[in-house]
Amino acid sequence: MRSWKDECGVFGIWGHPDSSRLTYLGLYAMQHRGQESAGIVSLENGKHIHHKGLGLVGDVFKDSDLKRLAGEVSIGHVRYSTTGQNLLTNAQPLTADLFNGPVAVAHNGNIVNNQILRNELKQAGSIFQGTNDTEIILHLLSKHRSNDLIEAVKDSVQRLEGAFSLVILSHNKLVAIRDPHGFRPLVLGQKLTDDGRKSWVVASETCAFDLIGADYIREIQPGEIFWVDEQGEHSQIFAQSAKTSHCVFEHIYFSRPDSLVFGLSVYESRKRLGAELAKETAVDADIVIPVPDSGVPAAMGYAQQSGIPFELGIIRNHYVGRTFIQPQQNIRDFGVKIKLNPQSAVLKGKKVIVIDDSLVRGTTSRNLVNMIRQAGAKEVHLRIASPPTVGPCYYGVDTPQKSQLIAANQSIEKIKEHVGSDTLAYLSIEGLFKAMQSGQNKYCAACFDGQYPTRLYDEKNI
Amino acid sequence: MRSWKDECGVFGIWGHPDSSRLTYLGLYAMQHRGQESAGIVSLENGKHIHHKGLGLVGDVFKDSDLKRLAGEVSIGHVRYSTTGQNLLTNAQPLTADLFNGPVAVAHNGNIVNNQILRNELKQAGSIFQGTNDTEIILHLLSKHRSNDLIEAVKDSVQRLEGAFSLVILSHNKLVAIRDPHGFRPLVLGQKLTDDGRKSWVVASETCAFDLIGADYIREIQPGEIFWVDEQGEHSQIFAQSAKTSHCVFEHIYFSRPDSLVFGLSVYESRKRLGAELAKETAVDADIVIPVPDSGVPAAMGYAQQSGIPFELGIIRNHYVGRTFIQPQQNIRDFGVKIKLNPQSAVLKGKKVIVIDDSLVRGTTSRNLVNMIRQAGAKEVHLRIASPPTVGPCYYGVDTPQKSQLIAANQSIEKIKEHVGSDTLAYLSIEGLFKAMQSGQNKYCAACFDGQYPTRLYDEKNI
Amino acid sequence: MRSWKDECGVFGIWGHPDSSRLTYLGLYAMQHRGQESAGIVSLENGKHIHHKGLGLVGDVFKDSDLKRLAGEVSIGHVRYSTTGQNLLTNAQPLTADLFNGPVAVAHNGNIVNNQILRNELKQAGSIFQGTNDTEIILHLLSKHRSNDLIEAVKDSVQRLEGAFSLVILSHNKLVAIRDPHGFRPLVLGQKLTDDGRKSWVVASETCAFDLIGADYIREIQPGEIFWVDEQGEHSQIFAQSAKTSHCVFEHIYFSRPDSLVFGLSVYESRKRLGAELAKETAVDADIVIPVPDSGVPAAMGYAQQSGIPFELGIIRNHYVGRTFIQPQQNIRDFGVKIKLNPQSAVLKGKKVIVIDDSLVRGTTSRNLVNMIRQAGAKEVHLRIASPPTVGPCYYGVDTPQKSQLIAANQSIEKIKEHVGSDTLAYLSIEGLFKAMQSGQNKYCAACFDGQYPTRLYDEKNI
Amino acid sequence: MRSWKDECGVFGIWGHPDSSRLTYLGLYAMQHRGQESAGIVSLENGKHIHHKGLGLVGDVFKDSDLKRLAGEVSIGHVRYSTTGQNLLTNAQPLTADLFNGPVAVAHNGNIVNNQILRNELKQAGSIFQGTNDTEIILHLLSKHRSNDLIEAVKDSVQRLEGAFSLVILSHNKLVAIRDPHGFRPLVLGQKLTDDGRKSWVVASETCAFDLIGADYIREIQPGEIFWVDEQGEHSQIFAQSAKTSHCVFEHIYFSRPDSLVFGLSVYESRKRLGAELAKETAVDADIVIPVPDSGVPAAMGYAQQSGIPFELGIIRNHYVGRTFIQPQQNIRDFGVKIKLNPQSAVLKGKKVIVIDDSLVRGTTSRNLVNMIRQAGAKEVHLRIASPPTVGPCYYGVDTPQKSQLIAANQSIEKIKEHVGSDTLAYLSIEGLFKAMQSGQNKYCAACFDGQYPTRLYDEKNI
């Protein structure tokens, strides 16, 4: 169980009479990518209709809202901010009224030269209403003198460094565009209408297609701009890149296990991460248990590889909402216990291997190890299905600052002492790439190896 | 009872530890000026804190919101839009992050060259997030290259034609400014803190001062910019005007009767309007009754002048909220009846003079006259305490288009037939100015006499 | 302005396809009689459907609730408790499933032998879910062995002492019944359906009839039981009484001015109370002002009688909701000021007569007198349009205990000093009865004269 | 995945200063037992304080509610009704004011002679406010003439046939009582206060103890009444039983896997059910997959026993709330798909064994089998980790009527055709009892074998 927050999810559909409802469902399927706000903009008769709100998709939209969001084209967004406070003004899609019509932008990723561009735009008289970096994209578009949206988008994103998977809606076009590194996922699909017309769909993850019954076609390529308008679909590569930098963390933790991300099944990747971990960090034990839910596939992979039985030694309470009231008197490890309950029927007297997907600050692991011991485990061997997290992410993952990353500041031996396990071992960088079936030419693993694929600007974060 | 919607109210305070709470109360007192949205921005340590929402002041702000709105300086706004739909993005104060810091603007009024400026700004690459004309002011400020806010504000408002009473908050200044015509009210006051310091207060109406226990000092003058900063208070006249154009409708209907507006008591003005009306439109009758609540003082003035007894022949249900559920079967005049109930104990067999503040479309009057007859009145003489409304307002009053103004399209005789009264009479323009104790050199009465004090731009409205 | 809380309102309708909507509107019109909870029970195919909630009628019922409340018969209730905390379990109509079917009861009044009956019923094994005295009526009905509801009701209410105006709904009957004293009002009306059928309506006040377009027929008599079933309407007198004890306070404060109560117009009664007050308590003054809204008709009567001009010296803010956030620093008389604002434009330099409907604790009057002086009044003469309140009410008015009734414990001279007025005078008992056009043979004025028309039981209250 | 609804959970604590917060947390941990309503009653100075509401525990209680629920003793309830509609009047704990003080009852189970007792009580004049059978217990208590609560409780429950695990709170006692059959679980624990005092805790499941840090002591025995008062704890056996009838379905589906129920780990039971199923219903396959979440342990047991790999072939979306908006155009199997997504990366080309905990109507299984095939599975072998469900439950499990139980009306071959799997097999009754490590002398398996341990009364249900 990680303490990092999820990032964002984007969705777009062109040419379906049920467009806003399908967008709602696509966002529903990608709720794990952001629970802070949700929004949909639809296009009808060249005009935008929008509805945004703070909270979960199921709470933000009422049936009457979806009825109002008429039209055969819609885009949507779920958000956990990586920049900007959680204000409604930061909720996406961001919308604006430009000289050549309305435009709406839904963004997943993080722009590293955000502050430089923001200052430059402010000096030129632009005003910023919110604090998120997506607003920069709107301003760049608005400064562009062309009436050709595609030219404007291509020119504008040339200014951006960092991660962006964007879905853009104008008065007559749906655009999907992905940065040349391909940090964040973006996939293309198709769905038939009841009367047999073909509609186009884009989403952050394929699980959105599964729910709405759309077919997965391919990824939007790194450096590709894809758009649909009344003339049909179009695609251009606006920037070539010798290598890509897909975020390896999408596979380790972010994405839903039932999604295909960067062409691979996330579930299978996690199992391979667990299997590699077993090869590298074998230890004598009675059972292998996951920290649910994210650690489950890795623990299954570890168990299959090691031959040690897989057990659900920790049960998760799925009814825990976003808030709950604390007891007034002290209950040990309460914050973790409200979600996770180690069961002594499974653990008592056992040598236990505990598999977690990653280890960031170490606080939760410490509480968990203690609870597992309280439940009667004889030995606790903590195994992390990814390498030590030594650097923050600048491309859209909400990691804490370097000073709070325990592996950036402590030896593994010290971390072991801190969390109180009998042994502690991480997956190696090599093991990570082996499990991911490719290396630095395909993936960004900067949080583990420090190899940031772009320049970095904001000194305060480093 | 009028069918026009109220306009906006603005408030600002500098130098009081309870600033956001006092702003909340000031807005509470001015709730009649706008019920669609409310917002407060406070200033603490050079940073802005804001909270806005749709609905009534008492619903938008919780105690925790006011706690979060820390700092000794705050501005606030209640709104009924005259331009722009009721979207949260249009709720004020509007806030922006400019090159030289944060700025927040609260606006009462309407800019007549809105569309021209908006197009010009869009062509220059500005983007508009909402639809209200206050956003233009932010863009003009952001385009100004000076670091001197006061210069920037003065230069920016030179571009505006129309009505504006503005309260502006930057990172270190509270500014109050009023257009040279002085269309909308804006008053200055002072309040002592518990420890004896002097804080400055500005508001649309003096009733806001009464509630918070502040003293009324004077009006912000037409063409004046007044500001407070750490160095103290300052004032300049940025534009001279030979005559002013105070909105006469503030006295007829908008403002609270207990406010001083343009230096006169609204309550006393309304009584004089009624008295003048009595002089001009005498008729034999048993009782004079008001359409509550706005018609009450005029009816009192009419009764005193004419010697005919004043009675509350129509009772208003003050528990009627903004929505109620309709019956399914037909109830005659239901829409009016839910709020107003003519009582036959008073009306039966009587010759009745009914006083309303104004008559716009005629629909409500028609229903009311019918109900009064049903309650047993022998004769119904409708008297309007203002002249026939022949033109829309472009300065911040939400009047219907000319085609819907019955007096712009029908003779008084025809209107009488439409509403079904025995007689119908309006106050004359001369009577209006007599009651207001001044004429066209002081007041704008364009909705009655067609003498618009500025150029008009938006043809579609005319 | 009084500090007493309102009591309850009841409503019932038989034979209208829109029955629950009309009940909703009837309750809406009687919202002044209770704002704590609202409820409706409808009858369809011999089954009850119910919906209750805490809060205002307009908030408790959504359109879907009224749709669900199907059937041509409904009863409803708005409540401010005179006994029992504000729990949802106390919200009315109370419903129960008896041996011979469902029954629902809506009650206005207060049972004085409540505690005796309650203890007796508990000893016999009855259980009480809420704390209000209406539950006793359900238990008495359930103990009755007859299958004849009318017999059961008549026998049950014989056990009750005190005030009750009841509307009862069974699986096939609508019953309206009023105690022999006739403490609380209850009126009978008729309304035609769109297809010309005649439906029967009962309500606490005629203002409910006005809104739904029903015709007032007559009062339900003291000691009368009236019911409607498939056979038609029926009436019996179950108890004769030489005199009645109509609550005089309904006219002084409770009822809406546009209602007929006990056969008299409330508005006219209040004007006569003011006129009698003027005859008895004349004083030299410049203006007469009411404490709005309840004091307005009395002030009008006072002014007409005395010849001193009537003015609205205090303006009420009708946007004040049930809650508002207090300032943190001290604002003098804040609690009153949030609702009422004395205007110095009217009061400055004047000798002022202030008319209030009654004076209970004296706290509000004290604040008001102070505020009127602050607004510049030269003299303040407080006049109360009812006699000194010397005893609590046991029949359904939520008066404070005797120890908190200032007139029960202090001389008028002392009260005058406490509130700070120049003079203070009340209406005499004789004046009260004169204004009400009848005396103790018709009215209960126990709170003023101590003549309680029933035995009293609960010692703690006396 | 089953379509049956959960039943209820009860909780009680005596002697802890944080009693209502701990009750809240205990209910939070048992949320899976009922999501329709939640309630807490606390005891302070001999008086009851209560708060109930519709919805999830985390939504029903605000911090201020728990503050109000003062006192060192509390009881609580979460509910899904097995009898009675979901009305707030049915929310528990039910409370009543009896002749000897307040009493509150929280009930898990179902009374089979409910209707007989209800009619009898109504004939004797009792009134029923809700429709649930717990109200009967209150009435029986109220009819008892003893001042000794324990005698009254023992005498009252003698009248009840069926399942009851009750927690009762009076003005000075906390009582826990369980029917002689022991249908529903009820466990006893202890927790220390911060200052070292010993508090007593009772709950439906041990997972509630785990969260609040209480120690599990033992089960409340079938036929035991246990109570705590100022004199300490007490226990009596009020009814002896040669055999018990613990509900086997608690282990198959209801209880949380991390609870000890009837002395056994639920998780281990489920694994053994899966293992027995593997022994009985072997089939050649590539993978074993569970229907999440309830089928997971059984699938693990099946996989371990059979040696066929365990995979997560279906991913559950845990963000699915209680409501979501449907698409307007057709999406195949949408109702199941919103929660469960079979992933083709795992299933494609595979022979798949699908493990579900039970099969009731067959609708969900049919959709799932279809979705698994669509995801590319070559063969689908459905295995049910319990016997065919042939009879409804009368002891607190919300099963559909017999006519809707597919196995009560169809052969297994026909069911297989209906759901569309290649093969279908259930666990045998013998296998069930083997996995549960005991037989009919310990467990009720009436829904599978028709051996109801009590008389049955309500003919309409049979």
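First chain written, first letter: the chains are A, B, C and D, and each begins at residue 1.
We adopt the following convention: a residue touches a chain if its C-beta (ideal position, glycine included) is under 8 Å from a C-beta of that chain, and two chains touch if they have at least 3 such contacts.
None of these values were measured; they are calculated from a predicted model.
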{"item": "Chains in simultaneous contact with chain C and chain D", "value": "none"}
{"item": "Identity of the chain that, by mean CA position, is farthest from chain A", "value": "C"}
{"item": "Chain centre separation in whole Å, for chain D relative to chain B (CA means)", "value": "61"}
{"item": "Gap in Å, rounded to a whole number, between the CA centres of chain B and chain A", "value": "48"}
{"item": "Between chain B and chain C, centroid-to-centroid distance (C-alpha), Å", "value": "36"}
{"item": "For chain A, residues that touch 2 or more chains besides their own", "value": "none"}
{"item": "Pairwise touch network: line, ring, star, complete, or other", "value": "ring"}
{"item": "Touching residues on chain B, where the partner in the complex is chain C", "value": "16-18, 21-22, 24-25, 28-29, 31-32, 35, 56-59, 61-63, 66, 193-194, 207, 210-213, 256-258, 260, 265, 267-268, 293, 296-297, 300, 304, 309-312, 315, 317-321, 323-332, 337-338, 341, 343, 345-346"}
{"item": "Partner chain B, residues of chain A touching it in the complex", "value": "88-89, 95-99, 119, 122-129, 131, 138-139, 141-144"}
